[in-house]
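These are the structures, in structure tokens.
Okay, so subunit A shows up in both of these, paired with subunit B first and subunit C after.
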Partner chain A sequence: MAGSSWRQFKAILRKDLVMELRTHEMITSMGLYAILTMVVYQIALTEAGEALDVRLVMPGLIWVAFIFMSLLGLNRSFVHEKDQGCIDALLLSPVDRPVIFFAKSAGNLLFLLVVELLSLPVFAFLFLQGREGITNPIWLLGVVMFAASVGISGVGTLLATMTVNTTGKDILLAVVFVPLMYPLLRAAVGATFAAIIGGPGSVETFWAWMTWIAGFDVIMLLIAFGLYEFVIGA
Partner chain B sequence: MGETSCTGRALEVQGLTRAFGVRKALDGVEFELPDGAFLSIFGPNGAGKTTLVKILTTLLNPSAGTAKVCGLDVVTDAVELRHRIGLISHNPLLYPDLTAEENLLFFAEMYGIPQATERVRDLLESVELDHRRLDITRTFSRGMLQRLSIARALLHKPDILFLDEPYSGLDPHAMDILDSLIAQIRGDHTFVMISHDLTKGLELCSHALILANGRVVLFDEKDAIDEGAFRETYRSTVGMGVA
Partner chain C sequence: MNRTKIARLVLVLGGMLTTAAFLMTFFWANPSLLPDGRVDFSQKIFYFHVPVAEASFLVFFFTALYGVKFLLTKDRRYDMRAKIATEVTLFFVLLTMATGILWTKVAWGVWWQWEPRLTTYFIMTLLVIAYFVLRNSVEDEEKRAVYAAAFGILAFIDAPISFFITRWAESIHPVVLAGGKSSGLEAPMLITFIIAQIGMLMLGYAFYEMRLHEEELKERLEALKVKVGG
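On to the complex of A and B.
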């Protein structure tokens, strides 16, 4: 990234951080959604009691919550740009369009990770009390969360840009985003399961799923990078 | 007429066409504007005025034809051209949750302006907003937003300023301030202004253009225009009463 592009990247990211710190719009909406989802999960699983090892379904529950919570944040991420026509002022400046993509994706990734990190203790409190904990090193969970969130924020930023000017953008983003996320979601659930359950061969299984996630991230980010100039121009 | 750093022609538009589906918002628009001129563009809603300005400011690509601004093609030289143009719109194009100073510093970074803090302070002073520099712009009145919008558009010292209905929604005091700011920088810039206000547009311009249904109905220097005939042409062509 050339010097000017790096400076512009930092400026856009800093601007998004300042506005989020001032309004708390994305983090509040995503955080509240994550907590409410977990409460609903807990109610749904109440009758299962001790008969169900919650750890077996926990990876799926976590990622369903994270995927839908990210939709809320992604929808919000371009609302600021649309307010008062700011996106036109940004596009009028001599900034390469991929720089906008990477900066917006980095901002979305950061907000997503913050909410994920805040949600996990709540999840553990609601579901893992009095049960066997996570057997593999906890950092494995951090690795899968980070890698999957890169894919979510990258693809999500591209799709949020595409849908921001459409009517019914909330629904449209979900309709396009969730099917595209299927391979990533499957791999993230697999890797999280291996990290949480542990046992023989679980670390190897974890890294096999991580290869999927890394491949998804690279391919989708390259596609998003290639398409972004066209998408934002349209 | 003042001189900017665009040598020769500020605008060269040839056969410019932009279609949205089957509807042509612009249909073979052609005109040339000399450096330092002030062009007022008139026309009813849907005439293609905003589409024309969006193409000239690189926000939209044409479907056919070419447009050069300061000798730079709006498609192939877009990045270089963006250093040379500024846009003041009826929308302020400012982030409502940033302060006046943060907004200008952000755009200063986008344009790579050296000694940005000093430049921003000078501009805030010139638009009489230095006392509100630390306030978020969501709290600003329409007139204050428009003054800040002018400061944003002038940050990188553009050669050509595009004004898209800049007087829209301003009270008389804010209009006076905008008039005064335009008068201050008139000699150093080429202006292209979209206006629904014939009186104001003709008062400011050196050249006038009427656009209707995506086509140029009239384009001429103001000195060559008979104002009565111009107003009649405007009325008959666009079917609107004059301001």
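On to the complex of A and C.
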């Protein structure tokens, strides 16, 4: 049984990856969205000029970009399923519902991480040149990005499954998703700040925020996992 | 005595208790004094703001509870109960916000401050509003009930976070009933507060029951219309 679940998981994930490799739709739209967000940041920060240390606001700015980017991706990933009738076929096939949840979440997580990894260097290139470097090890940044993205794609997958069946779709996803994500985002910004700014005690602060993120991930993913069967069956 | 009659009785009692607490606030409970010896009138809002806030957390719990019950039984009556509990939550949440904002203007000099308690409570307000936005944008009745139940359960998680945040994080929001040396109230203050709190919970229960009764009557009316018309 475990073996067949694993095969089903891989099959659904492969389907999403193949579709993305053929159309490049998700990565292109999310990536462009990230770059557009940075253009808007430039407008927002322009009057503050050199007086503002961009590093202080950078953790917030990148998570704003990531959260809205993920909204775009989550919504896309289910609009396809619905428009092309794929979700009905998935439900008809003898696949365990939790497998669908984990496979869709894994796909969304993968796309989100790829775009995050691509857009961070662009952000650094556009805003951080000539500024002080990052003092803490850079992999800390990777840890918080991965952990927070797990929560975003897990809960997001559940919510997008619901909102794709509503009249509001993407708008509604934002309305239900952003406030639910607040605790995670707050901790992610705190951890990112500690990782980027450094200073004495920053590594401890980083791990303190990370326990919040880990706790959120565990609790929310368990609940989302438990609720998914009901939501997708409705 | 049926449920509706009990609810009416509780409504009257709750109204009397909260009114009594309101009067006691001004005529009996110890005044809290400002550093210069004048009476701090803004503190009086404590006897309304805190009971209504605690009631909002408690009623919101029933959104999640009936959500779970609905998912387990698929009984539509639980969906209606969850919806009505959330309606009462929305009412209490807005009252909490309104009274809180008045107080912060007097005590902190600003209408709004992004501090942990206010922020998490604001998030809870948004979640309660989002619950109704979600409900209104699902046409299929069964889907609406399932989605609302799932979202209600997820949204409720913010309530304990908001409640305990003043104990976990650095917050300028007062924590009056936290235990410990510096907290606590003198007897007349505590009694006034408890009366206000009980009254508020009674009002919450009565609002909930009466709204439920109204919805049930509506359903019966619809059923009768179908019967007569068909």
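By our rule, the second predicted complex is superposed on the first by the 232 of 234 C-alpha atoms of A that agree within 3 Å, B and C clash if a C-alpha of one lies under 4 Å from a C-alpha of the other, contacts with A are read in each partner's own complex, and residues count from 1 in each chain.
We take it that contacts are C-beta pairs under 8 Å (C-beta built on N, C-alpha and C of every residue); 3 or more make two chains touch, one makes a residue touch a chain.
From a predicted model like this one, the values you see are computed outputs, not experimental measurements.
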Answer with clash or fit: subunit B and subunit C placed together on subunit A by superposition.
fit
Contact-wise, after the overlay, does A:176 reach subunit B, subunit C, both or neither (first, second, both, neither)?
second
Subunit B versus subunit C as contact partner of A:220, first or second or both or neither
second
Touch check for A:166: first (subunit B), second (subunit C), both, or neither?
second
Is A:230 touching the first partner subunit B, the second partner subunit C, both, or neither of them?
second
Per the contact definition in the header, classify A:211: touching subunit B only (first), subunit C only (second), both, or neither.
neither
What is the value, to the nearest 10 degrees, of the angle subtended at the Cα centroid of subunit A by the Cα centroids of subunit B and subunit C?
90
Touch check for A:158: first (subunit B), second (subunit C), both, or neither?
second
Identify the partner contact of A:95: answer first if only subunit B is touched, second if only subunit C is, both if each is, neither if none is.
first
For A:135, select first, second, both or neither according to whether it touches subunit B, subunit C, the two together, or no partner.
neither
When the two complexes are superposed, subunit B comes to within a least CA distance of subunit C, in Å, of 5
Could you tell me which stretches of subunit A are touched by subunit B in one complex and by subunit C in the other?
233
Quick one: in the complex, what on subunit A touches subunit B?
4, 7-8, 10-11, 15, 18-19, 22-23, 80, 83-86, 88-96, 233
Counting only contacts in the complex, subunit A reaches subunit C at residues 155, 158-159, 162-163, 165-168, 172, 175-176, 179-180, 182-183, 219-220, 223-224, 227, 230-231, 233-234
Report the residues of subunit C in contact with subunit A in the complex, numbered from low to high.
71, 119-120, 123, 126-127, 130, 133-134, 137-140, 142-143, 146-147, 149-151, 153-155, 157-158, 161
Give the list of subunit B residues in touch with subunit A in this complex.
57-61, 79-80, 82-83, 85-87, 89, 91-98, 102, 106-107, 109-112, 136, 145, 152
